Every structure is written in structure tokens, then in C-alpha cells.
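You will see subunit A twice below: alongside subunit B first, and alongside subunit C after that.
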Partner chain A sequence: MSVRSLPWPAAVARHSVLIVTAALMLLPFVWMLSLSVKGPGEMFRSGFALLPAHFHGLDNYRAALTAAPLPRFLLNGVLVCGSIAILQLLLCAPCAYALAKLQFKGRGALFALVLLGLIIPQQVLALPLFFIGYRLGLLDSYVGLIFPFVISPFGIFLLRQFFRGIPDDIVHAARLDGVSELGIVWRIMAPMAQPAIIAFLIFSVVSHWNDLFWPLIAVRSESLMPPALGIVTFRDAEAGTDYGPLMAGAVLVVAPLVLAFLLAQRRFIESLTLGGVK
Partner chain B sequence: MASIALDRIAKVFTRPDGSPTRVLDELTLQVAAGEFLTLLGPSGCGKSTLIRIIAGLEPQSAGSVSIGGQCVDGRHPRQRDVAMVFQSYALYPHMTVEANLALPLVMRRLTALQRAPWIGRWMPGYRRVRETIDRDVREVAGALELTHLLERKPGQLSGGQRQRVALARAMVRQPSVFLMDEPLSNLDAKLRTQMRAEITALHRRLRTTFVYVTHDQTEAMTMSDRVAVMFDGRIEQIGPPTELYARPATRRVAEFIGTPQINSIDGIVRSASTIEVAGAVLPIGTCLPTGSVVTVGLRPESLTPVERAGATVLLGRVQRIEHMGADSYVYFHVLGQARALVLRTSAARAAGLQPEMVFHVATSLDQVLLFDSQGRAIDSVVPQIASVRSFR
Partner chain C sequence: MTTDAQATSMEHASQSSHGWLLAGPAAFALLALIILPALSVFFVALTDWQFGARTFSYVGLENYHELFADPDFYKSLRNTFVYVLIVVPGTVLTGLAIALLVESDRTLRTFYRAAHFLPFMATLAAMAVAWEALLHPTIGLLNQALSDLGLPTANWLRDPSTVLVTLAVIAIWKNLGFAMVLFMAGLKAIPRDLYDAADVDGAVGATDRLRTVTLPMLGPTMLFVVIVTALRALETFDTVNILTQGGPARASEMLLYTLYVESFGYLQAGRGAAITVVFLIIVVLLTLLQMRVMDRRVHYS
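Up next is the complex of A and B:
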């Protein structure tokens, strides 16, 4: 792709629009960072300053890390999101392979169900899932946080689309070479679909790391709370109206994702645009 | 090495609109052990479907397949002891050449536990089996001159190298039958000629049964022991390449084999021993009644420009001339034929011809092919003395 050079007024106009929208997107984030290093008195002062007059960052971050079990929340987040991502992949890849490459009666109907699953929002299913969790005694446990997301219609759909692009001859060659059907999924299809799988894992981890809705329903014990929920209870219980430590906590919760993105930025963008397959 | 027997194989596909399409029609075929058989036909004639049925990649709608005297219907491809080379090569792009070659052996020789990721290599016996696999991979790679490419991935190879890796992957587990589905059609002309020779040499060395699918008559003619010409899901004729060329069973076979294509022109039986073609009366006898219309097939190389006129000589007007180097193709019109005929002659003989020039064309009568109105070959009787060969 070549970059067209624009006449300068158009270029200025375009960049102004981009800068303004980017600033709008970033403002809450910047505000969060700014508040996390300000003292309580300074926050509600009229007038706007990005940098604090007195640096309260150390106090705020110390409070965030000690007043609430924030490291525990982060660890819970890693455990829950990791389990969800791995289980989703383990189940989605074979389903996607079957829908993409195997011939059987009812394949079209099954795929229609997957698409249906794709358009049903999580909130609609919350009540039935809550009852299932209650009946099975899964609520208020790690399993309770994980089980509703183990099957991902989005994952099945994404991988199925990618698997369909892999030539049938490769599947045929693998069968002749003696690879079983599950072997084809894990030895042949999954490595070839690596960009799609990475993209899916990114979506999965990000959405469940930031998820507040289901943890709010499923978990009461503080020791099980994932980061987003932890922050919310932190506000109620410990910090009260003390926004400095709260914002510091928010920064710490968001930081892992942002850091991961910055470190692997190029890889992420490649995966999300699904380029460079061949 | 194993024989293959196909008994009344039929394949019916259902179109999206629900109507059935018959791709293979009661097809029966025997391939001897160690034979190189080519399935030749235009695209859509069912040859690829047939080879996939032999491999077990597609089930047949009716009929049965035997390999090595054993019925293999319903057996999984991996239990049939066949290997296949695909048109697209179908190499695993994420594996090195070495891993591509090793995979068929890994799947067969290692147990499921030994294949398991991470822990497999600590299972008892792993190292011993793995050594036999590495040895066989290196041997095959050496035979096909791939040793220096073992660490590369398929994406880093040229078309010809990929083709050789695909061949090596098929060879490495020494199957009893090789199936090849248009393996050379993605290569350029020069490489194709070279690979043709390599595959022929491979067959001679391995003495394994080869079934080779192609739409390219040159490949079929140059490599095979026998060729089966397929049209519309049936075998129209099967035989050694020379026989298919010299004695095609039908007009379609005659037109499919040979470059440039055979000239088919209408003729009328004038008597028990003569046929009139484009203004000339050829002394060819048939058993058809006088007045019957026949199709006369004239191979381009059986036509020769000559100096003198005569009863068996056609009068032609040159349309255009293609110089191929040693040979020239001369396209010309004859009386009463809308389509131009073509003859193949030496460049020296064609040198005197110019477009729009009128010239004489002699026919080698012993090479004339006759077909009835249904396109079936009919016997002809040619008097030996009248043969135009004596002109040369």
C-alpha cells in the first residue's frame, strides 16, 4: 500500500480530526493517571492541572497495594482469564475444524446455532447461568467464574472461517500420512491458524480481564475477585471517597494489558488483521 | 507393490439444488502390480474423483476397490498403504522439510504416548525409533537431493523443490501404491520435462504401482506403461501410449491425443475401396455401404506438401505457418471444409510455402483413421502399393 500525499489543507484537516478524537479517547485515561498522583485536597480544587502541585503518587499507590488485596485481584485475574482462554481454545478448535472440514448431516444447522450464539448478549444469559451455577454449587468459586465462558461461539466462528481457508488437500495429505482427526486439529490446523488463534486469545483475555458483570453475580468472597470487581469493592469498602488510591488501583489493573500490548504491538496488529498467512 | 482392482465404481454427487450428478459411471479397471497407469482426460471427466476413491479420501456411491487383492471399501486412508502426491503439493507450511518428511513415519512408528508433546521423548523406546525415522528421512532426502533443504520451510522453496519434497514425503514410508494427482501442472515447462524424467526413473527404481492423473497428454504418453483415457466418468480406451495414438478406439480419443490435434474431416464412401475427401478420392476400403458419411482422421504428420498433383492428393490453400524450429505447422484450407487443417512437416519443406499459396498435400494412407457417425473407429483396408510413403 502506498501512502497518497494530500494537499496540505486536507492533511491539516485530517490530522486535526484524528488528534481531537484521539484526545477524546485518551482523556479519561490521562485523567486517571493524573488523579492517581494527586492528593485529596487537590482533586476537587477548581481549575485544571494535569500535574500535581504536591506529588502524592507514592502514598496513593502504597494505599492501593496495601489497603485492598490488589495483588490478589490481579492474580485471580491471571488465573481466571488464563483458564478461560485455554479451555476456550481446547474446545473451539475441534468444533471449528468439524464445522469447516468434515461432512456430516446437520452441519449447516449447527453452524446457524453458533451464529445465533454470537448475537445473544452475555447479560441475557446471566439469570439462567446463575441458576445453573447455584444448582451445581459452583457459585463463589473459580469454577463459577470460568464455566459460562468455556464455549465461545465467537472463537468457533473465527477459527472456522480461518480453517475453511486452508486447502482440503492438506487435510487429505494428513489423513494419508496417518494423522487422526484430532491430530489434524492440533498438529496441522492449529499451527497454521496461529494468527487467528492469537487474535482470538487477545479478544478473550481482554474482555474477561475487564469483565465486571458476571463476577459481580458469581462471586462474593473477596479472595476470588478478579481485578475489575476488586476495584469496585475497593471503592465501597476501603477507600470511600478517597479517589487517589482508587485511581492508583485502576492504573495497576489496566497496566498489565497496556504493557503486554506495548511489548508485542507489532505481533498483535499482525494477528488482528490476519495478515501474513502464506 | 500391489495390484489395484476397481469393480463397477460409481460416484454420484448431489448438486446444491438437489439434483444428482453422475461423476463416475460403472467404471471397472485393473492395474497390475508395479505398473505405471495414467488416467488421462479433460478436466471434469472424473479422474481426480477416481484417484481420491482409490485413496479412500472420498467414498464411492457403488462398486468396490481392492488393493493387493484385498477389498479396502470402508477402510480409512491410512490403512490402505497408499501415498499420494497432490497438485498443490499439500506440504505442511509450518513444519520444516525434515518434519514434513518425518510425519508419516512418526505417525506410524511411534506410539501415541511417544508422540505426546513434551513427555513423549522420555517414553521408553523413543530414541531408538526416532533414530530409524531420522535415518529413513535422510535416505529419502539424499535420493531426491533434498539434504541441504531439510531445515527450510516449504515457503522458502521453489516450485520444483516443493514438488520433490512432496514426492519424498510419499516415498518415505514405502507404500505399496503411489497415487499422483496432476503433480506437475504447477511447474513451468522446463521443470516439468525434468520432473517427468525423475518420476519415470523413480518408478523404474521402486517398481511400485503408480496411478497418475493428468490432463496433459505429453505426460501420459511419455511416462506410462498404459494410459486410460477418460471422458464423462467412463474409460473410453485403455492401452499402451503407442496403441492409443496409432489405433484410437473413438474419435474423441483421437482428437484428445496428439499435438497439433488430429484433422477430422467428413468423407463419403464412394465404393467398397474408395472414399472421397475434400475433392480427392482416396483408395481406402471399408465395410460401410456406398454413400455412407465417415469421419476421416488425418494426423498432421501424415500430411506432406508435395510437388505433383494426383488422385490421392488434396489441394490446399495456406492460411498461416507456425515455425517451431525443426518442424513447422502449416494451417491450410481445403475444398468444402470451413475449418483449417494442419500439417506438420520439416522446416525445409515448409520453406517454400507462403500464406494464400495453393499447394498439394499428400496423405500417408496407412495412417488414415476412419470413424463412423457415432465416432467409433472402423476398420479400413489400404492397398499397399498406393501408399503415399513411396512418394518420399
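Up next is the complex of A and C:
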């Protein structure tokens, strides 16, 4: 809004407000971390102590990693999110290229379907997808976690927009060089559309790492649970208020995305705002 | 030797076949996994089908009649609207205020932006578990702090009078950073010369500039953020499922949780489909409104 720096009273006011709001936003994270290194007795005593009287972190994290199948949850998350992201890209990029650069009958109708798909929220599809999964015997398996998401109207839409901005001459030149249409998609368009592809991949991975709704419907076996569902199951199994291991587990579920976010803040914010308003 | 016209028509012919070869797999998946399933929900809603049952019969609008005669469904619908009406202004106004503050100067801008945005991308299921610990009636940080200050405490998630507001606060905490980022983009799009013009017109103070330039220019962004936030609030499920299961006494039951319980808890596919249709209609109306707003935003710029 303004490039000139604020006069000092305004600057002080700005910092005092923002430090308080930032602290409030971070409080649940800080409290989670704090509880994850405290022993069971200490939670009942200490009011505001952020740091533990006795560091109990090793025990808590060991409990989270061994008593609960937490490494398994995280691994499932990597496997499921990775498969979804790759399959989405494999299906979406050629379609986006066709919509952006090729003339064919029914192109307008197909694009209309993509826009329609963009409007429909995933939760609306839960019931029919559950039935499809049930009939095909896909429930309670990795395939069951992945199949509803192999197609992303948002991915098609985003890549199509980007591909349209690439000059036709480049496509013509590649054809003259004898590059196949699929070759044009992967060897010419995809590298040029790298920013859009990365934005889409970040959005996809974050959405599915955080998704609870579909995994809750699709799987029962603990060994298949992705991180969000896993931590909920861990909480339900954990009676009482021994928060230590549970909070350690929550930290481990949240940590990968938070660390990635801190490393590539700008990309994450761009990607998630793009996807969040789709 | 081929003429240009022939070459063009040959290229068109090959594009036509290549078009469907490249788009075919995605088109098939789009139909099979999104469009047809979405349509099927409308049909299932007209039947008394239950998951696992071999037969079902056509019951017309019976499911909808039952739904709108059911006080529990009204309660869920009402809770959802009350919740959206708390979350939207809470998120939009604080998001706007923080965006204005963060953007008003350079120092620590990146840090403030990151700190406020973090909850938006952190796994809500795990953060709900952390919120539960914060809100614990006896050993939770919130109640300890309140009682140390001599203020009244509450059993936030178990008291019908506080539970919906508590869930709304968690939603505001989660979505505020998202609203902030959208407003920051809106602020950057305001042409600099408008401020210069305001200076010439004698709008020198920060509040003057805010009133005469910033807020009017943010109008379209504001409308857009309101709709996007409302959509996100409507889709609330994780916190309800983890923290309250709609309780106590259905005080925090919301549309998507009702949909989930009816469809996958009681396996009432027909009834679940009818709820899904109601949910879809609300979401689609809001989305169409959002598209109109976006359209206008594009024309303005």
C-alpha cells in the first residue's frame, strides 16, 4: 500500500498488534510442541510453562513412533499423495494441451464438462464413489484411497490456461521437427509450464495429506490409514489425558508440510490461494 | 505439392483425431468419477435405497419431505447457517485488518505473513487434537489462563451454548490467513496514482487514504473473499467429527456431518443423497455468485 516507511509511533502500533495476533495464530502449534515434550504428571501442574521441568520428549516421540503405527501413517501419506499427484498430472496435462492447442470436435463440450467438474465439491461424490469402490472391491485398499482423485478439473483448467499462453509457433516448429503430439506435451509444453505444474502439485499434495473425509469413508484397516485419519484413530485409542505421545504424533503429522512451507513460502501461498478459490 | 489450404485441412484432420486421443483418458475419468456420480446422486435421492440392500424402490420426493419435516435436519441446517454467519465476518474483517497492517510497512512482512498463513495449510485433523488440549476444561491452557485472571471458565466443547462459537473460532483461526493473502493481492492491484490523486485532493492522513481509496477499491475483493470463506465454512467437517460428533445434543451438528452420518453411519443412501443434493445446491449457488464476482473483477482490471 505504501513504500515510504511508517512514522515511528505507527510502526510501534503495527508491531504491537501484529505480534499479538501472530502469537495467537501460532499458539496451538506452540502448545502442541510444548505438550509433546512434557511428562504425564507435569500437564496437571504447570500453568504457563512452555518448557518442561523434565524433558520427556524422547519418551513421547518414541511412544508415538512405536506404540502407534505413526511411521506407517506417514509412509501411507507419501504413497497416496505421491500416486494421486502423478496420476493427476499424467491425465490432466495431455487433456489440457488438447483443449488449449488442438482443434477437435467436441472440444467446447469437453471444456464445459471440466468447468462443471470444477464446481462440484468432492463431498458430493462421496456416496456414489463409495458405491463404485464397494462394487469393484476397491474399499479398504490403497487403490480405494487414490481412485476418486486421479482426475482433477482444477489441474486441467490451470494447465490449459498456462498452455494457451505458449505461442502456437513453438507447437508448429516441434511438429515440423517430427515430434509426436504426446512428445510435445511432455518435452515442450510441460517444461515451459513448470511454474503452473509445481503450483498444482503443491496444491494437490497439501489437499490430500490433509484430507480426512474420504479416507474415513474408504478405509478401515489401520495399516492403510493416511496421516490425518491415523492421528484421529490414535487419539480415539488413547483414553485419558496422557497428551505427550498424542501431541508428539500430531507434531509429526503436521511437520512435513509446515517445514516445506517454511522453505518455499511464496510458492506455497501462491499455489494454495490459486487452488483455494478454484 | 500440396496447397496451403490442403495442408491446413490435413493438419485439422490430424488434430481432430489427436485431440480425442490426448483428452480421452481424462474425459473418461471426468465422466466416470465426477459428472455421472454427481448426476446419480439426484436419482438415488428419489429412492429408498440403503447400502447393502439388493432392491430399492422409487419414492419420489419422499426423502426431501421427510428431511424438511425432521426437526433434527432443521437444527443441522440452522447450525450451519449460524456458524457461517460467525465465521465469514470474523474471518473477513480480521483478515482485512491484518492484511492492511502487514502491508503498511516492510519490516517483518514475510514473517507476519507466514505466521498468519500457517494454520491454513496445517493438517486440520492434527491441529484439532491440539485445540482439544488447549480447550480441555481442567488442564487446558485457555481455562487455566482464564481462572488465573479471575475470569469465568467454560467446558467449551461440551456446553451447548459455547460449542458452535468455539468451532467457529477454530475456523476463523484456520481461514484468516487465506483471507489475508487474498486481500494482500487486492491491495497490490490498487494503482499507485490513485493515492497520489488522493494526496492532491487533500486526503493526507492514513485514515483518509483508507476511506477514500483503499476500501472502495477493495470492494470487489471483499465480496469475493466473503463468498470463498462462506464456501469453506460450509464444507466444515473435520472439527465436528473429531471434537464434538455434532454434540452435545446436536448443538454443533452441521450439514456435512449430517450427510456423513446418514450416508455412512446409518447407511441410508436415499436420505444421504437428498442431503447431498441440498448441500450441492447451496454450494453451486454460492459458486455461481463467485464466478459472477470474478468475472466483474476481470473486467475492472
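Following the convention adopted for this analysis, the second predicted complex is superposed on the first by the 231 of 278 C-alpha atoms of A that agree within 3 Å, B and C clash if a C-alpha of one lies under 4 Å from a C-alpha of the other, contacts with A are read in each partner's own complex, and residues count from 1 in each chain.
Quick note on the criterion: contacts are C-beta pairs under 8 Å (C-beta built on N, C-alpha and C of every residue); 3 or more make two chains touch, one makes a residue touch a chain.
Only a predicted model underlies this, so the values are computations on that prediction, with no experimental measurement involved.
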**Asked** Just subunit B (first), just subunit C (second), both, or neither: which does A:Phe131 touch?
**Response** second
**Request:** Please indicate which partner A:Gly178 is in contact with in the superposed arrangement: first for subunit B, second for subunit C, both, or neither.
**Result:** first
**Request:** Using the touch definition from the top, say if A:Ala196 reaches subunit B (first), subunit C (second), both or neither.
**Result:** neither
**Asked** Looking at subunit A, does subunit B or subunit C touch a larger number of its residues?
**Response** C
**Message:** Output check: A:Pro167 vs subunit B and subunit C. Expected answer is one of first, second, both, neither. What do you get?
**Reply:** first
**Request:** For A:Leu116, select first, second, both or neither according to whether it touches subunit B, subunit C, the two together, or no partner.
**Result:** second
**Prompt:** Of the two partner chains, subunit B (first) and subunit C (second), which one does A:Ala63 touch, if any: first, second, both, or neither?
**Reply:** neither
**Asked** So, does A:Ala248 touch the first partner subunit B, the second partner subunit C, both, or neither?
**Response** neither
**Prompt:** Once the shared chain is lined up, is A:Phe104 touching subunit B (first), subunit C (second), both, or neither of them?
**Reply:** second
**Asked** In the superposed arrangement, does A:Ile188 touch subunit B (first), subunit C (second), both or neither?
**Response** first
**Message:** Going by the contact definition given at the top, which residues of subunit A touch subunit B in one complex and subunit C in the other?
**Reply:** none
**Asked** Where on subunit B is subunit A touching in the complex?
**Response** 52, 55, 57, 76-78, 82-84, 86-88, 90-95, 103-104, 107-108, 155, 169
**Complete:** Within their complex, subunit A touches subunit B through residues 167, 169-170, 172-179, 183, 187-188, 191-192, 194, 278
**Item:** Residue numbers on subunit A that touch subunit C, as the complex places them
**Value:** 1-2, 5-6, 10-11, 14-15, 17-18, 21-22, 24-29, 31-32, 35, 43-44, 47-48, 91-92, 94-95, 97-99, 102-107, 110, 113-114, 116-117, 119-121, 123-132, 134, 147-148, 150-151, 153, 156, 181-182, 185, 206, 209-210, 212-213, 216-217, 227-229, 231-232, 235, 241, 243, 246-247, 249-251, 253-254, 257-258, 261-262, 265, 268-269, 272-273, 276-277
**subunit C to subunit A touching residues, read off their complex** = 12, 15-23, 25-27, 29-31, 33-38, 40-41, 44, 51, 94, 98, 100-108, 110-127, 129-134, 136, 139, 141, 144-145, 148, 173, 176-178, 181-182, 185, 187, 190, 195, 206, 214, 224, 228, 232, 235, 237-238, 241-242, 256, 259-260, 263-264, 269, 272-273, 276, 279-280, 283-284, 287-288, 290
